[in-house]
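Take this structure, written in structure tokens, and hold onto it; I'll ask about it next.
All chains are identified by letter, namely A, B, C, D and E, in their written order; residue positions are counted from 1 within each chain.
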Amino acid sequence: MEKIRERAATLLAEGVVTLVLGYEEGTKRPRPLFCRNSESARKLIFDSRCIHNLAVYLTKKELVGKDRFAVIAPIATLRSIMQLYVENQLSEDKLLVLTVDPSGELRELVTFEDIAGYVEQFELKRGEREQEILSKIDEMSREERWKFWMEEMSHCFKCYACRSACPLCYCSKCVVEVNRPQWINPWPAPLANMEWHINRAMHMVGRCTACGACGDACPVGIPIDLITRKMMEDMAPEFGYIPGQPAKKGNALSTWKLDDREQFIR
Amino acid sequence: MSKIGVFICHCGENISATVDVERVAREVGGMEGVAHAIDYKYMCSDPGQTFIKEAVKKYNLDGVVVGACSPRMHEPTFRRACAEAGLNPYLCEMANLREHCSWVHEKSEETTEKAIDLVKMLVQKVKKNKPLDSIKVPVTKRALVIGGGIAGIQASLDIANTGHKVILVERDPSIGGHMSQLSETFPTLDCSQCILTPRMVEVAQHPNIKLYTYAELESLEGFIGNFTAKIRLKAKSVDYSTCTGCGACIQKCPVKKIPSEFNAGLGTRTAIYVPFPQAVPNKPVIDRVNCNYYKRGACKICEKTCQVGSIQWDREDEIVTEEVGAVVLATGFDVKGADFFPEYGYGKYKDVLTGLQFERMASASGPTFGEIRRPSDGVIPKKIVFIACAGSRDPAKGIPYCSKICCMYTAKHAMLYQHKVHDGESTVFYMDIRAGGKNYEEFVRRAIEEDTVNYVRGRVARVYEKDGKLIVKGVDTLLGGQQVEIEADMVVLATAGVANCGSEQLAQKLHVSYDPYHFFAEAHPKLKPVETNTAGIFLAGACQAPKDIPETVGMASGAAVKVAALFSNDELVREPLVAVVNRLAPPLYSTCVGCFMCETACPYNAIEHEDIRGRDGSLIKTIAKVNEGLCQGCGTCVAFCRSKSIDIQGYTHEQVYAEVMSLLND
Amino acid sequence: MSEKNTYLPYLMTIEKITKEAPGVKTFRLKFQDEAEAATFEFQAGQFGEYSAFGEGESTFCIASSPTRNGYIECTFRDTGRVTSGLSSLEEGSTMGFRGPYGNVFPMDEWKGKNLLFIAGGIALPPMRCLIWNALDLRENFRDITIVYGARTVKDLVYKSELKEWEERPDVRMVTTVDPGGETPDWKGEVGFVPTVVEKVAPSAENTIAIVCGPPVMIKFTFPVLEKLGFRDDQIYTTLENRMKCGVGKCGRCNVGKLYVCKDGPVFSKEELNLIPAEEY
Amino acid sequence: MSSNTDFEPKIIAFVCNWCTYAGADLTGTSRLKYATNVKIVRFPCTGRIDFLLLLKSFAQGADGIIVSGCHPNDCHYTSGNFHARRRWIAFRSILDLMGVDIRRIQYSWVSAAEGSKWADLVNHTVADIRSLGPYQEYQKIADYLEKGGYHGED
Amino acid sequence: METKYISQSGIEQWFNAIITSGKRVYAPVNSRGQIDFKLVKNLNEVSSEYIQTTQSIKASVYPKAEVLFSYEKVNGKVNLTDFDPESVPETVMWKVHPCDAAGFKPLSAIFNWDGADKLHNAHLAKTSLVSFSCASADESCFCTSVNGSPGNTAGSDIQLTMLPDGGAIAEILTSRGGELAALLPSVFEADKGVKKEKYLVDLPARFSLEEVNTKLSKAFNSTVWKEQSERCIGCGACAFVCPTCACFDIQEDVHGSKGRRIRCWDACGFAMFTLHTSGHNPREHQSQRWRQRILHKFSYMPERLGVVGCTGCGRCSRACPVDMNILEHITSIAQQ
């Protein structure tokens, strides 16, 4: 922790970066902190409770500005950053990535290759919560799955916290705001909610890195992160990807293979 | 858009027999935004089109829906009619009431209701249509001809003679193709090489033709008028700029036992070789697979022999890029080989030959200098059997089609045999004799009557060897299925003509379609026989289906005319059904966020990057831009774009959404 | 409970459609219910919510003068889902209207004064209502000057009325197009509205200036007027914030403590000074 | 679900212009008969077919959907159908996870030469959907507001 | 206005009487790990172990999405069907916190400040609130700072203050409360004279509204908005859980020739909220939108409507994915 504070303070003091995105102690749990001077770097903390995916801020130009900035990125954030690189949303010369490896060492990752190399060492695993709910869903019949999700969807009031928290939802005008035609009705109702979440899952195929930010953000506790996570887990082997490791070019739905297998097209 | 005119066609009785067309017009006429709705016997007729034109003017229509046949038939007709009446042609749509409705359903209430729904759907679509302007693209007036057989030669010469440049690519070391392998040609029996080689030379010397032999198409990108071809020039290992074609290297080459492709395996050639004496270009290449130096790293005898030092061991394949405006595919055909006819002993018995091998044998330039001799012992066969339809018309062999040329060349072979072996006895087993063509039937009759060729109608079940003879067992169906058994000295199989190897891959490279037998598919079996579904790519010769020389030459000239017609324009007018990235007022400029995943999705590399800069030149954002020349309008990017920033003209989000909603909302 | 549902529109018949400029149309609307027509009143400056059934509602001012009874008019550009839906309607079609909403130009206070109307592009409609209102009560005012500009000649709206005003001896009419927007036979001015205003404006004394136009035009016209000696209470404009309800509830047009739909859309520059300029 | 003999399913077909649309034309030219339940919407390519259109179809009352295009390798645009295939693999999987009845979407490759396959496909799909019955489960939620159940959440 | 005592079993009997009367009863229920108002039939469904429900009771008088009117196009004409107030069922919101009940006042102020809102009023007329005063609070609660208190009766029709014996002090506050009590008058016993204050949680005020108001009147151009809002991700969670947030959108639901105009929740924090068709956005940045949220609640509403737009329920702080803690932020503004 001290190392991070020191390093952030130095980076800011020396003018290497104008902003360090990190975490501070919040009212209940750590929260994002925008450090713009070495003094506020003293507020920085970093531990296992720091789970916000700060990559969500990296595409907001009015926040990160035009100069080089640094971000403190646990592994989940790193995966998002990689995907953002692939999608042309970040440039290497503007971003400095700080992370703490399992041995507690502070690491600085500069290039996309650095990050990719580092991320490769980490396998993406289900946590206890994911395992529990997904295995419950696995055992359900189709009708039960439908009931389960309809019950969940009935709670959604379309605050779009899932969208806002997702680092990969950086569209300047989301499809739900497109009204010619109005693809998805903007009001909260089970169908419109369902359509929104199916749509979100489709947009995340081959992109979602299972950081879980959407699920964490949902104020009404819908396990929406599991939809995209399950898709990632199921589709990665289908299309020859490793879960949690973004493709270097394109994504699962923008590319194809001659021998993609399916059994349902007749 | 909401003064829509609806025109329902009876199509004689084709539609009106099962659909209550009056009711369709009546019900659709009551829709919001429909200003005029009528039905008429033949909408596509002159009076029918006049109705449309007059209504466009009278009612000031801003959209037209014609409920008639498939838009694949008459969409251009009605769009033109609208354009003539001053309505943008893209404000006209067709509802398919014939192929998709009246012809596939019985006369019933449901059928009429479906017809109403289909027309309503197109009315809702056309309300969302936007006037579109055709896209103009420049034309590169240079043609690429792939394949240097007679089709390619003819097409190249014809195009070149209209004053346009041609790039001719041939896979083998020489042009000439199958025709150069033939002995004489039916029905005139003139010498194939004698009529072909002057054309080959003309190609070599034509100032408008650039010839790449021993070369293959690597890739083709772009679109009609603007293709970029990458051509792989396979390493010949011989420097043609210095090589004199003296042939000394060929004589000294120690590797002499390679089966000659030109002679269909009957003769041999060396590792450094010219395929045949009249080859164009008449300079050798080294066959690296068989050359001692490339195999074992030592030999280089040819290099020592070469007076001018033309051997280039380290020569590598080279890729050249050519910009062309049109492509003629003339890659020809192939004949089925050994493993295909185990029942006829081909490949097992040396004296069972294919037609092509017999051609080589009968050719004065062939391995036997034109004498018919058994490959096994060199003895002149006294009894010879020709089996027509070897593979062709045999669904069990996967070739249900007729190879078309076999009847004729088998007659020719029998005739040539009789001319060369006067005391010989020839028998032809056939299924039917197909001799349609000028002087063809007469030619076959001549073989039967003048040259006493014995024609037996029936299939050969089996050919086997017994005591040095080939026993041909068959049935004579004209004699009531009587068993026939002939002891032959030689058997010649009129093997099926099949698509050239690699045609499937080539078709995929070129984005042209192909039929189940991998022959390239013409755009329309009757009316567009030389066009492919990909604009700017034309077909010539047997790559489309087996055909004889006059047909091939005719088709090649046809393709050449298509190319010349294309090149007669300085620019091309294309349908504007292409994708477009939205543009908005600042500060958003576009809803595109520049993830460029569409770039990887586009099959045509039509997505480009566009920088949006502020007044001070600073980069605001980079968004996708569609190159409308490259875009073919498949719409894959449209369905893929998460923010719906790309749309495709003619099938916009609003249009297809309106269609779907109309079908499902009562 | 027979409380009125604010959101329930009047049903209107489109009586007449005038194509003004590319994508711009004027609708003349008549109430389908005569009782509604009889009780309906509005004043210059007010606006309404116009609905295309099937697409939704959109906000425009009432472009006709309250002195012309029996109908209202609106002018709009086809830019979004609703305006495009409206644009596809034909004469005789039904559409919806809610209103009138918002405040009004204080015409009574302006009696005996000179009026200077300055409008740009598609912002002429709110002004048109006011201009006709003033012309119909011509005796109440002294000199009337109209400066109207558009990007190109093609973009000028109400062309026949522009001509009518031009021909009136009691109106000074100046039309202008942005440099490059003129046609060969263009007889009006060429130049941006603020520049032209500086050239043709009457003395600030006893004059009210009413400015309607795109934000950038307003931004550059205010200083010109100031330079000409106009005080803030002599300058009026209308704001066009995004609205949904039109009745101060939905929250969109809230600028500072004011709601454009209730406290506006007419504001004097003096009033505008009380709210943050960045939010309108 | 077997008492649906009177039930006429609403089926919408999303087809590509070059293969299936032309194949359906051939069905017509060949005068092969099939059920009237299916209505075709024409697209340039299966690659153009937006998954949202499928969702909207169910929401608007479709009981079944056919999606059909060129066989692999035969796409007029070379790879639109390969993109579509991936899209449908993923989409189908999401729908299944959410409990949407994926038996109601029939994907197929029908070439321009397969007029009879088109007729078969339509007839089979109509029979399949008929046996599944109306897609009330989905349409029920589509009508949610109509039922007046927007007071709090019940 | 009378105070009564109701025993533990009395509460249950009365609850059952309300259910039997046919009124819909919504109460906090623990399901899927969340406490929220749900339709209940039994008192034992009602949750007791919680501080605050995730969502407020706003939806009972301001549904998430509701039909303003419907229409049908027939032969070029349009037939309108107005919203029918009679279609709203009688509803009892059970075990509402005082801060929720207090939310109806600002909500109604917005809907009715100039021109009555027929729909909102129809819901209000059919909704009765049985509030329970608060015996506990958490660090997000601050009703006492915004004119409220754990035993605030504003907005409630009946307020119960739970007593250690399982019974409760029942304050019958309105005539509608009286009608509700009249469903089973026998269980309402005479007041035992116990002071309810003793059973309320002690929640000291954290800031002074006046002070905040004064500071805010000069704070429009302050840098505090940008500083506070940096981590805000611009979702609508705070607005949607808020008992007083009333921003809405009007949308169209079309099915062929039939359609409905729908009002649904919206949030001033959404980037597109104020976007003009021209592309101009008066509140382009999140900091502006955050400022709007705070100023609207704590400055504009008091000034224009005479009511503060916050009841101190703390839901926004609890719901915020990035810990935008309103108490912390308001306190810091007050202390500036």
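Everything that follows uses one rule, which is that a residue touches a chain if its C-beta (ideal position, glycine included) is under 8 Å from a C-beta of that chain, and two chains touch if they have at least 3 such contacts.
All values reported here derive from a predicted model rather than from experimental measurement.
The set of chains in contact with chain B as well as chain C comprises A, E. With centres computed from Cα atoms alone, the innermost chain of the structure is D.
Using the mean of the Cα atoms as each chain's centre, the chain most removed from chain D is C. Taking the mean Cα position of each chain as its centre, B sits at the greatest distance from chain E.
Contact tally for A-B versus A-D: the pair with more C-beta pairs in contact is A-D. Averaging Cα coordinates per chain places chain A and chain E 32 Å apart. Taking each chain's centre as the mean of its C-alpha atoms, chain A lies 47 Å from chain C.
Chain B and chain E have Cα centroids separated by 72 Å.
Among all residues of chain E, those that touch two or more other chains are 36, 64-65, 73, 76, 249, 251-255, 262, 278. The multi-chain contact residues of chain A, meaning those touching 2 or more other chains, are 155, 173, 175, 180, 182-183, 189, 253-255.
In chain D, the residues touching two or more other chains are 51, 56, 60, 73, 79, 83, 87, 145, 150, 153. Residues 32-34, 36, 54-55, 64-65, 139-140, 230-231, 233-237, 239-241, 249, 251-253, 262, 264-265, 267, 270, 272, 285-286, 317, 319-323, 325, 328 of chain E are the ones touching chain A in the complex. Residues of chain E that touch chain B in their complex: 73, 75-76, 254-257, 278-279, 281, 284.
Interface residues of chain C, counted against chain A in their complex, comprise 80-81, 84.
Across the complex, chain A meets chain B through its residues 87-89, 170-175, 178, 180-181, 183, 203, 249-251, 253-255.
Contact residues on chain A toward chain D in their complex (touch as defined above): 137, 140, 142-150, 154-155, 175, 183-184, 189-191, 194-195, 197-199, 201-202, 205-206, 227, 230-231, 234-235, 238-239, 252-258, 260, 262, 264-266.
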